[in-house]
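Sharing a structure here in structure tokens format.
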């Protein structure tokens, strides 16, 4: 897939219209994982809008998103940056061999109290 | 877009305040749509008597479209609401008579929506062309 | 009143208290919680991509069950509630997804999209009523200072969840007041604890959790109450100085159902 | 049979480029009724019009078809031409072969073929045209202005100055509107009260102006030149003509805990009150929701202390009916409710305030006598964060705010920031902006001064969350230029709330049959060329009811609306559109279907005597159209089951003739 096709695929599976963004930065103002990210939510939207996909797909920022939906709720334009982040992440892990985490990685980072919810969701979010 | 070279005959009733002005705007912006569409100006879409639509089909029109102001924006406050109800009834009756639903349409086009007017007409003309000629209601006695 | 109950896997394992006290309280309130037979894990997180179907089928099975029984579908875990409600929303608004999901399931009874989904809190508010609960309280939690912790999943995305005002919610506070305790306001009650990252980035999870419990503590709370097992785990794992308990436990306590025979 | 002349215009190459104009003129020659047909380069030019006039005389034409641009462009021109040559102007029809033919089709054969068909339809219609004569209606020389803010006051003053009587209807107990609540005005920083209150006094003293305060419009009937309006004058329980505004009653009223709406609830007033010192009319009003005497019949203190004897607890609402020639809408705006934006904690902290509240807090006549303090503890704030675009520029699918830019916020926020830094140099002031929009005379210079001379920190980015912790407000925001998430401990947060039309506008628009956009702003007759007229004749627009605008814009629009009103009121009579409905009494069966669908109430029923063929007299109930009220929409013509109702200029047989011509 070339960059343009990737861009179209991301927009398609996320259902997001990145052109709605008016660059106010409220998503980044609201993001609880901002400081851990290389590219921040508003940059995600801009990079998808302009087709700068490869750099985005290579970034660790994809796995810092907390899925808290705060950017979705507070965006004044209804852009839903979270859905873009998730779509880019899926583009990555849907490609064979691109899992962010494998089943073998899990036991070492597990502890006794960890609820099932965290483990199953890790499989949803990081592997395919 | 003629299908198999067939060019349909389409009558468009446009209200003076919104849709007719929208059609003018399409012209100002040089937005193409098929010449099969012929516009008749009426003061309000509610001036369109179901009789006019029947007459058009009787005389061989292949499609009839009625354009008015958006609901709530009628120059005469409520005319387009009458249109919406009247035409819903008429179209379902025409459907019963074998005039396909796709041959009739009500659309809201504002004076500012030149692009929408052209897009609507392109779409409608294409749809009607794909249905082919209207034979159901055509009164052959009217043909010379 | 009968409801269909989707407990979810965490409630069968690490969060058995959340489940147990939910059942006991329901009993005390005269609600019959019928566990959906052979329910399957919701997946823990809603995959927002609209071409993702398989991961959402378990939710649709649960929804279909509730529809079939003409009963509200009740969840207690925030994550299950979020996943099921978002799946239902997609089912009802995205016809391509609906078609695919129905094809995948190939079941005799096709889900029509009509299930009513209630979080346990919403059930208390909308189907029972907080005034009614207040009447049934036998051991009011007088003197307790409770910080309610919504987290993210109950409230957001608001366009789908529609539980309460996501920025200034009141549902949890109203319950706490109905139980006779004082509800302490603190601004971080609807901010993320970092739970989903707990597996991978302990530091970030710790930072976020700390900001939550410190906010609650400085507001003068003695207990944090939550509906989410992951929030509870995360806050406690990251050394919350305040106890973190499930809301169902407080409810059962106030209703006098906590110490009943353990069946 | 008509004698019709056809005139095909080239419009330079605009039409002639895609339409073979000679072929069109030639083809139409053979149409029934056509006795003359020609083409010319510019029909609308003097020379072109002369061709038409000459042909009318030479060929004794009874009808004219001009194949040219849109009738919306030159129908009036060609009707005038015909009338100058002695032909009834309504015998002219236009075939639109430019906007709806030559400009939208590419090749000559297609364009020509369609132009011929359109011309044919016009000819078929003219064959059935009948001469029409516009009627006349009288103009009542009195205007009504709805809303007594700066827009309404200015409009009323201008109309009154021209010598026409004006009534101002204001729903509050005083005129003055939003401007009365403001402290200073941008970009000149003159004090709002200093420039507004003299105008309020002028209005009160002008003998042509009657101020109906504490009143609302209840019903509107009639039409341009002759509206009949019912106004409800709400009971204020104080005789307006006797009250001297001394304030003794206010001082003695024991009911002290009524939220003061003039200060946006930041302090309290009494149950009997005068909104502010410069109120016009300066008359007390008793608030029936709080007055003990009105609620329980206990108290009566104000009546006892009123030496003038103005208090009247038995007063009732009064209905006034008055006739007007013109109506001006000046209903203004309100800031939106901030309930849906509680990420900014407006409902969670007293120290998060709206910009209008900030105006009151800095106003010398406000609740703090102009001292800028935190509403929660009365302390001086050291760090103030201003958030712009709260609720403005929201996408419709976000369902929270307004899609439009509220226009005034950038400038008043710059003003607030600048004035704060000027008066309290020890405060740090942050303004979070998405874009700073300052188109206006001296506007950008003003904003730059706030940054350059007063050291206001303008940050490109938005605030994500405000968390009240203890007595500070933790502000989490993004700084897009430095690429950082900022965390500011603020003492006061000021939200520039979007503005929306006043809630009274929508029901008023329904009464006036004036159109509104989806945001409830009144629509202009033409967005560029008729900006102060509503599409409904005789209804004019002044101020923010038409769209967000600042004071200078409001005042100029108010003046423009007044000049349009004056232009209408100087006329003694108006000509009316002759294209109105007409009922054929012989066919009418009196069923009332037409009356029910008429949006203007133009149709009434009368009992009329008919002489029957056997010379007997029969009395039948038949419809009658008032041509002065009818606007010519045609709804009734379709509703009529017996085919009695028809529309002049657009008769059923004419439209059918057009259909037939097109389908031939």
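Per-chain residue numbering starts at 1, and chain names A, B, C and D are given in the order in which the chains are listed.
Just so we're on the same page, a contact is a pair of C-beta atoms (placed from the backbone, for glycine too) under 8 Å apart; a residue touches a chain by one contact, two chains touch by 3 or more.
Note that the structure is predicted; figures quoted are calculated from it, not measured.
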Original post:
Which other chains touch chain A while also touching chain D?
Top reply: C
Original post:
If you average the Cα atoms per chain, which one ends up farthest from chain C?
Top reply: B
**OP:** Have a look at A-C versus C-D and report the one with more C-beta pairs in contact.
**Re:** A-C
**OP:** Averaged over CA atoms, how far is the centre of chain A from the centre of chain B? Could you give it in whole Å?
**Re:** 47
Original post:
How many Å are there between the centre of chain A and the centre of chain C, using C-alpha atoms for each centre?
Top reply: 24
Original post:
Taking each chain's centre as the mean position of its Cα atoms, how many Å separate chain B from chain C?
Top reply: 53
**OP:** Quick one: which residues in chain C touch 2 or more of the other chains?
**Re:** 159, 167, 191
Subject >> Multi-chain contact residues (two or more partners), chain A >> reply: 70
Original post:
Which chain B residues sit where two or more other chains touch them?
Top reply: none
Original post:
What pairs of chains are touching here?
Top reply: A-C, A-D, B-D, C-D
Original post:
Touching chain C in the complex: which residues of chain A?
Top reply: 12-15, 32-33, 36, 63-64, 66-70, 72-73, 80, 82-83, 86-87, 90, 101, 106, 109-111, 113-122, 124-126
Subject >> chain C-touching residues of chain D, taken from the complex the two chains share >> reply: 339-343, 345, 347-348, 399, 465, 467-470, 474
**OP:** Name, in rising order, each residue of chain C that touches chain D in their complex.
**Re:** 159, 165, 167-168, 185-188, 191, 215, 218
Subject >> List of chain B residues in touch with chain D within their complex >> reply: 9, 11, 16-17, 20-21, 23-24, 26-28, 30-33, 35, 38-44, 46-52, 55-56, 59-61, 72-79, 82, 86, 118
Original post:
So in the complex, which bits of chain D are touching chain A?
Top reply: 343, 389, 393-398, 400-401, 434, 460-465, 476-478, 480, 483, 485
